[in-house]
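Here it is, the structure, as C-alpha cells.
We call the chains A, B, C, D, E, F, G and H, going by the order they appear; numbering starts again at 1 in every chain.
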Amino acid sequence: MNKKFFETLTEDNCVLAMIDHQTGLMVGVRDFDQASIQANIQGLCELATTMHIPSIITASMPEGPNGPVMPEIFEALPEANYVPRAGEVNAWDSEEFVKAIKATGKKKIIMAGIVTDVCLMFPAIAAVEAGFDVYAVIDASGTWNKTVQEASIHRMNQAGVKISSWASVLAEIMKDWRSEKAMELGQILAKHTSYKWVVQSFMAQQKG
Amino acid sequence: MNKKFFETLTEDNCVLAMIDHQTGLMVGVRDFDQASIQANIQGLCELATTMHIPSIITASMPEGPNGPVMPEIFEALPEANYVPRAGEVNAWDSEEFVKAIKATGKKKIIMAGIVTDVCLMFPAIAAVEAGFDVYAVIDASGTWNKTVQEASIHRMNQAGVKISSWASVLAEIMKDWRSEKAMELGQILAKHTSYKWVVQSFMAQQKG
Amino acid sequence: MNKKFFETLTEDNCVLAMIDHQTGLMVGVRDFDQASIQANIQGLCELATTMHIPSIITASMPEGPNGPVMPEIFEALPEANYVPRAGEVNAWDSEEFVKAIKATGKKKIIMAGIVTDVCLMFPAIAAVEAGFDVYAVIDASGTWNKTVQEASIHRMNQAGVKISSWASVLAEIMKDWRSEKAMELGQILAKHTSYKWVVQSFMAQQKG
Amino acid sequence: MNKKFFETLTEDNCVLAMIDHQTGLMVGVRDFDQASIQANIQGLCELATTMHIPSIITASMPEGPNGPVMPEIFEALPEANYVPRAGEVNAWDSEEFVKAIKATGKKKIIMAGIVTDVCLMFPAIAAVEAGFDVYAVIDASGTWNKTVQEASIHRMNQAGVKISSWASVLAEIMKDWRSEKAMELGQILAKHTSYKWVVQSFMAQQKG
Amino acid sequence: MNKKFFETLTEDNCVLAMIDHQTGLMVGVRDFDQASIQANIQGLCELATTMHIPSIITASMPEGPNGPVMPEIFEALPEANYVPRAGEVNAWDSEEFVKAIKATGKKKIIMAGIVTDVCLMFPAIAAVEAGFDVYAVIDASGTWNKTVQEASIHRMNQAGVKISSWASVLAEIMKDWRSEKAMELGQILAKHTSYKWVVQSFMAQQKG
Amino acid sequence: MNKKFFETLTEDNCVLAMIDHQTGLMVGVRDFDQASIQANIQGLCELATTMHIPSIITASMPEGPNGPVMPEIFEALPEANYVPRAGEVNAWDSEEFVKAIKATGKKKIIMAGIVTDVCLMFPAIAAVEAGFDVYAVIDASGTWNKTVQEASIHRMNQAGVKISSWASVLAEIMKDWRSEKAMELGQILAKHTSYKWVVQSFMAQQKG
Amino acid sequence: MNKKFFETLTEDNCVLAMIDHQTGLMVGVRDFDQASIQANIQGLCELATTMHIPSIITASMPEGPNGPVMPEIFEALPEANYVPRAGEVNAWDSEEFVKAIKATGKKKIIMAGIVTDVCLMFPAIAAVEAGFDVYAVIDASGTWNKTVQEASIHRMNQAGVKISSWASVLAEIMKDWRSEKAMELGQILAKHTSYKWVVQSFMAQQKG
Amino acid sequence: MNKKFFETLTEDNCVLAMIDHQTGLMVGVRDFDQASIQANIQGLCELATTMHIPSIITASMPEGPNGPVMPEIFEALPEANYVPRAGEVNAWDSEEFVKAIKATGKKKIIMAGIVTDVCLMFPAIAAVEAGFDVYAVIDASGTWNKTVQEASIHRMNQAGVKISSWASVLAEIMKDWRSEKAMELGQILAKHTSYKWVVQSFMAQQKG
C-alpha cells in the first residue's frame, strides 16, 4: 500500500461531496433508522462548515420523483457549491461535478450518497481510479437493505475506497481536543449521538 | 371490558406524565436507537404543548448520578409542572406527583418513562389501580434491552395498561385532519418520522 | 369468551376493509420488506374478489401528501366501495365508512391498514366496541418499526381484536380444498408465497 | 383483577426461589448472552441477601449431568435454604421445597429458573394455583432459544404469573432512595448494569 | 381461570395430534431453522411413543403439492392412527379426525402443525371451544415468518390455548427423574438439544 | 488493480447468466424473503431484455428434484439462450454454457445463481480465472442462510469477483436519465422496489 | 493471485481435518443453532467417507473439561486418523498432526474446528504459510458469538484462507451429477438440509 | 504477504495498549452487551498481567466528560504504564504514548479501544504504517452500533491490521496447555466465558 493511503485527513486536504440525499430517496433507506441517518448526515455537514471544508452538494434530477435535496443539508452547508445534474446517474460522469471537486485542489474526498450502491459507490470507485483518496461515509449514506449495504462495502473496499463512519471522519479532522475548533466539533458529535447525555450530565455537575 | 376502556383520548380528557427522562438514564437505553427515542420523546412533548394538554415532568434525584432531565423536554414542555422527587422510585408514591395529576381532573394519563421496567411500569400499574386509564408510550420510554421491554409490556398489559406508541397517541388526539390544530400536529409527526420526506416531496411539487 | 368468538369466518359472514394503503404511507413501512407487504396486500384483496366478499377501500386525504391508494388495490378489488375521507383519522369516525360496513349486514370485519398503530388499530378497536368481530390482518398492514407493531398487537389483543395473517384468513374462508373456489384460492396463496415453487415443481412432474 | 395483584413487593412480603441454575444447564442458555445472565442472577441474589429476603435454592439431581448449582449463587445467598431434589422435575412437586416456601409465611414469590420453560414455568404456574403471587424473573432465567422464552412468557402470563426483570424487582423493593438500604441496592444495580459507568463518572467528578 | 387449566399433563390424560407436517409445507417454514424444527418434531413424537400416548397423524391432501407426511414422523410414531384428509383445511372439520381424538377419551391434546397459522391454529381453537385443553407446541410447528408466528401465538393465547415448547411438554410428562421411563425421556431430550453434549461429557468422565 | 477493473458496465460490453434458479432450489433460499428475491430476479432479467443484453439461462438437471427454471425468468428473458446441463454442477464446466458466453464476445458477465455458494460462486470464480470481469448479483441469488451468503461473498471477493446488487447493475447500465431507455429502466426499478410508491405519489400530483 | 488458487477441489487433491469438535466446546457454540451445526459437521464427514478423502480427527486434551470428540464424528469417519494432542493449542504445532497431513501428500486441506477463532483459525493460517491451500468450513465450525466469527473470517481471508461452507465443499467435489458417487453425495446433502423435503416430494410423485 | 505476518504472537514479542476505555465512553457502546464487553476487557488485561506482557493504558482527557478509565482496567493491569493524553485524539499522535510502546522493544501490539472507529482504528492503522504488526481486539473494543464496527473492521483489514478476539489472543499466547502459565490462562478464559460452566461441571465430577 502506498504512502498516500496512510496520510491523515485534515481540514486542509479534503473536500466533502454530498450526493443525492433527496427526499424521494431518503424514504427508501432501510439499512438505518430514519432518525439516525438524518442525525449522521447533519453531523457530517456541520463538521464541514465548522472546519471550512469545501463542500459540493449534488442531486439527480431533483425536479422529478427523487425530489429536492433534504433542506437540512442546505442549512448545514450554507456555502456549499450546489450542482444539480441533468441526468448523469454517476455524479463522476458530470463534468460540472468533477470540475467542482478538482477546483478545490484537494486529493481526498469525503463522500456520502443515497443510495449507497449507486450514488455513493459509483463516484467513489471512479474517484479512486482518478487518483483520489476516498472516504465513503457509510452511515451518512443509506440503501434498500442491509445486504445491499454489505455488497457495496465489499465492492468499494476491493476497489481501494476507505469505508468510514461520520464520527471517525470528524475525529480524524479534529485531531486534538486542544485545537482551535475542537470544542465546536465536540458539540457537533454530542448533538447527534448519545454522547450528548454524557456531556449534559457532566455540565450539570460542573455547575451544580 | 367496561365502557371507559373504549373511550377515545382527546386533548380534554388527559394529562401527560414524563417520568425520569434523565441524562444518566438515557445513556442506558438499548431497546431503541438513541436518535429515535429522542425524536419520539420530543414529538410526544410537542404534541402536548400544541394541544394544551396539562403536563407533569418528574425526576428521580436529579442532583445525583441520574442527572438532570434532558433539556429537550423542558424546551418542548415550557408550561409543564416540574416535580423533582426526593427519593421515591415509583413516581406514584410521591404525594406531590399524584396531587399534580389529580389537580388536572383528567382520568386518562399518557405516560412515558425511563427505564420502562421501573419508571414507567410502576406508576402505570399504580394509576390503573387508582382508577385511571393509562396509555404507556412504549417508544418514548426505554430500557436496558429488548427482553426487559417485552417483559414490561406483558406485565403492564396484564394489569390493564394500554401499550401505545407516540404516533398513535398523536393521531388519536388529532382525530380529524380538518380540526383546528391538525396541521400543526401533522408537522410534529413529520418532523420526527420519515413522513417528513413525504411531505417535503409533496411541498416541492406544489411549488414547482 | 362468548360463542361468537369461536364462529368460523366464511365468505358469507364478513366484509373486507382496506384502510389507507396510500403511496405516501407505504414508503414509511419498516416492519415488513416492501415486496412482502405488497404481496400480502394483493393476496388479501384477490381472496375477497374471488369469494365475492363485499369490500370497502378507504383513504385519508388522498389528494395530500398521503397520496392515492396504491393502484394494486383498486385492480384487485374492482367492485369495492371506495370511501375517501375528508379528514377523519379513524375511519370509524367516518359516517360514510361505517354506513358502508353496516350496509353489508356482516358482523365480521377483515381489516388491514397502514399505519398499523393508527389506521388499523383505531377502527379495529372501535368496531369491536360496536359489536363486530374483527380480524386485524397484521401482515397486510405495516408501520414505522417492529416495536410499534408489537405495541399495536398487544393493545388490539387486549381489546378483543383477533390478530391474523392474510394466509390464515384465506385458509379459514377456503375451508375445504374440495369447495368450488378452492383451486382459485390455492392459486392466490401460491402466487404470493413460496408455496408457488412447490406447486410449480409438482406441476412440472405431473406433465413430465 | 383482585386487590392482591396490585399490592407492592416489599422485603417483608416475599421469598426468593432460585431453581436449577446448574452448570450443566447454564451452558444451554441461548436467549441471553452468558455474561449478561450471570450478572442478572448475581444481582438478584445480592438483592435478597442485602434485604434479608428469605431465599431457597433448589437443584435437580445435581450429582448427574445437570451438575452443581453455579457457585456464584451460594456465594451471593450465604444464608439460603438449599433443597436438592431427588428427582422431581417441577420444584413445586417437592414437598420439601414447598414446605420451605410456606415456612417463610410469605405470599409473594420471586422466582427464577433454568430452563425457563420447565424449571421456572412449572413451579410459577403451580404457585399461582396455590394462591401465591409470583414474579417470574425472566432475565435471571434462561432457555434454549428466544422462541421458547416467548412461548413461556405467554403461557405464564395467561396463568396469572407476573413477568418481571431483576432490575424491576430490585427497584420495587428499594421503593425509596432515602430508605436505609437504598445505597447498597443502588450499588448492586450499578455493579451489574451499564449504570456502573454513570455512577463512576459521577463519583470521579465529585472527587475531582 | 378454572381448575382444569392448572391440571398437569400426564401420559394418561392426553393425546398427540401431528397435523400436516408434509414435505411440501416443511420447505416453506422460515420461523425456525430446518435442522431445529426437524429435531423438535422428532423429539415430540419419540416422547409420545415412549410414553404410549395415543397419537394421530393427519395430512392435507398428501397426494397433491403438499406432498406426503415427512417419513420421520411415521418412523417415530409407528403406532399412530393416520388420518389423511380429503380436503378439510381445519383438521377439526374432519369427522374422522375428531372421532379419532375423541376415541382416546383424553381431554388434553398436544398439537403441532405446519403451517402454524392454519394447520395448528384452527384445530387448536376449535378444540378449546369443544372443551379440550390444548397445548400448542410452537417449536414443533412452523410457518412463513416470525411475524405470522407471533400473530398466531397472540390469537391462540387469546382463545385459551396454551402455548408450549416440545421440551416443556416432555418435562411435564416425565414429572420425576426417578419415574420408570425418565431415563428414556432424558435421552430423547439429549438427542435433540445441546443437552446431548453435557450428557456425553458427563458419561465420558464417569467411564474415564 | 488493472484498468479493466474500473471500466464501466454498459449494455454493449456484458452478458447476463442466470444460473439454476429452479423451483426446487428457490424453496431453500433463506437469506432473502421469498417475495424480495423474486422481485430482484425479475428486475434483473427485465433490465437485460430492455437493453438487449445477451442472456443465457442454465439449469442443473431440471427434470430431477431441482425442478424447472422458474417460469418468471423465461417470461422476462424471452430471447435468452437456454442451456440445460446434463450434470455439471459448475456451469463453467459445461462446454455448451461457456461456448454460449464466449459467443457473445463480451468480457463482462453479470451472474446470479441459486444457491449462491455453489451455482453462483463456482462459475463466478472460474470466469475470473478465464479472464472475465464478473458481477455477482448477490440479491438475485440466494442460499441456505445468511452465514453461507457471507462466506461466499468473502471467497468471491478474495478471488476478484465484484459483489453487486441488481439495482446497482441497472443503474450502472442506465448511466444517464436522459438516455434512450432510461425511462423504461426507471420503471423496472420502480416496479420491484419501494421506489414505486415515490413515483406513484409524484405522478398523482402531476395529474392532480 | 497464483494459479493454485483457482484449482478445483477434488477427492484426489485434498485431506479433511476435523479439529477439536469436543463435547465441552460444542456447548459453547453460539454463532449457529446446535441442531444446524451438528448437521453440517455430519454432512462434511460423510462426504469425506463417501469419497475416500483421507481424514484426520484431532482433539485438545480430551480427558480434560473439553471432553471427548463428539461421537458422531468417529461414526461418520470410521477410517480417520485420530490424533489426540497432549497440549498444543494450535493443531499445526503438533508434529504428529502435521505429519499426518503431510503423509497424505495432498496440497489442499478442508478444515473445520471449534472454536473457530482458535482451533480453526490458527492451523488454517499456519497451513497457508506452509504452502497449503486451505478451505475453512465456517458452518462446520463454531464459536462464542457472531462477532468473533466475523473477526475470524476477516483475519483468515486476509491471510489467504478460503472461507467455505460444507455444502459448497461437497458440490465442488461432486463436480458432476453423473459421476459415480453423485447420487450418494446428493443424499448426504439432502439428509442435512431442507433439500430433503424437495427430494421426498419428488420421490413421492415418481412413485405415485 | 511477508513473513512477519505469519509470525506467532508470544508473551515475549508483544505489548498491550488499552486505549480510552473511559466510563463516559463505555456507556455509548452498543455493538456489545455491557456485561460481555466488560468481561472481554477484563479477560484481556488479566492475560497480560499473568504473562508479564508490558502494558500501556491511555486516556483521552479523563478529567472531562469522557471520565476516568474504568477502574477494572487499573485493577487488572496493576503494573501498566498509564499515559493520560492532553488532547490528542489518535493515541499514536501522543509522543509519550509512542515512546512507551517503543520502549518495550516489541514489534507486535495488541490493541483495544473505545470507540472502535476512532480510539482503536486510528492508532492501529498508524502503528501498521510505522512497521508494527497490530492485533485489533474487536471484542474488547466497542462503538456506537454494529454498522460502525463493520466499517472499522473493513478499513483496518484493508490497511493490514489483524482483526482479533480476546480469546484468540489468549490462546495464541498460551500456545500449549502444558506450558507454565497455561492453567492460569485457562482460568481466565473460563472466568469470562461460558467455558466456566464446563470447567465447573468437570471439577464437580472429579471431586464427586
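Here is the rule we go by: a contact is a pair of C-beta atoms (placed from the backbone, for glycine too) under 8 Å apart; a residue touches a chain by one contact, two chains touch by 3 or more.
In this text, all values refer to a predicted model and were calculated from it rather than measured experimentally.
*Asks:* Mind listing the chains that sit against chain A and also against chain D?
*Replies:* Expected: B, H.
*Asks:* Same interface as B-C shows up in which of A-D, D-E or E-H, over half of contact pairs matched?
*Replies:* Same contacts by residue number as B-C, out of A-D, D-E or E-H: D-E.
*Asks:* Chain E and chain D are one sequence twice: same or different residues at the contact, by the over-half rule?
*Replies:* The interface is built from different residue numbers on each side, given that under half of them are used by both copies.
*Asks:* Note the rotational component of the Cα superposition from chain D to chain F, reported as an angle of 0 to 180 degrees in steps of 5.
*Replies:* Superposing the C-alpha atoms of chain D on chain F needs a rotation of 180 degrees.
*Asks:* Taking each chain's centre as the mean of its CA atoms, how far is chain G from chain H in angstrom?
*Replies:* Whole-Å distance between the two chain centres: 30.
*Asks:* Suppose each chain is reduced to the average of its Cα coordinates; what separation in Å results between chain C and chain D?
*Replies:* 43
*Asks:* Out of chain C, which residues touch more than one other chain, so two or more?
*Replies:* 24, 27-28, 33, 36, 65, 67, 145, 150, 157, 160, 193-194, 197-198, 201-202, 205
*Asks:* Dump the list of chain pairs that touch, please.
*Replies:* Here the touching chain pairs work out to A-B, A-C, A-D, A-F, A-H, B-C, B-D, B-F, B-H, C-E, C-F, C-G, D-E, D-G, D-H, E-F, E-G, E-H, F-G, G-H.
*Asks:* If you look only at chain H, which of its residues touch chain A in the complex?
*Replies:* 24-25, 27-28, 60-61, 64-67, 86-90, 93, 115, 117-118, 121-122, 125-126, 129, 144-145, 147-148, 150-152, 154-155, 158-160
*Asks:* Which stretch or stretches of chain F touch chain B in the complex?
*Replies:* Counting only chain F, the residues touching chain B are 198, 201-202, 205-206.
*Asks:* Help me check something: in the complex, which residues belonging to chain D touch chain H?
*Replies:* Residues of chain D touching chain H: 23-24, 26-27, 33-36, 38-39, 62-63, 65, 67-68, 70-71, 192-194, 196-198, 200-201, 204-205, 208.
*Asks:* Under the definition above, what is the set of chain F residues touching chain E in their complex?
*Replies:* Spelled out, the residues of chain F in touch with chain E are 27-28, 30, 33, 145.
*Asks:* Quick check on the complex: what are the chain G residues that touch chain F?
*Replies:* 1, 5-6, 8, 31-32, 36, 138-139, 149-150, 153, 157, 160, 162-165, 167-168, 171-172, 174-179, 182, 193-195, 197-199, 201-203
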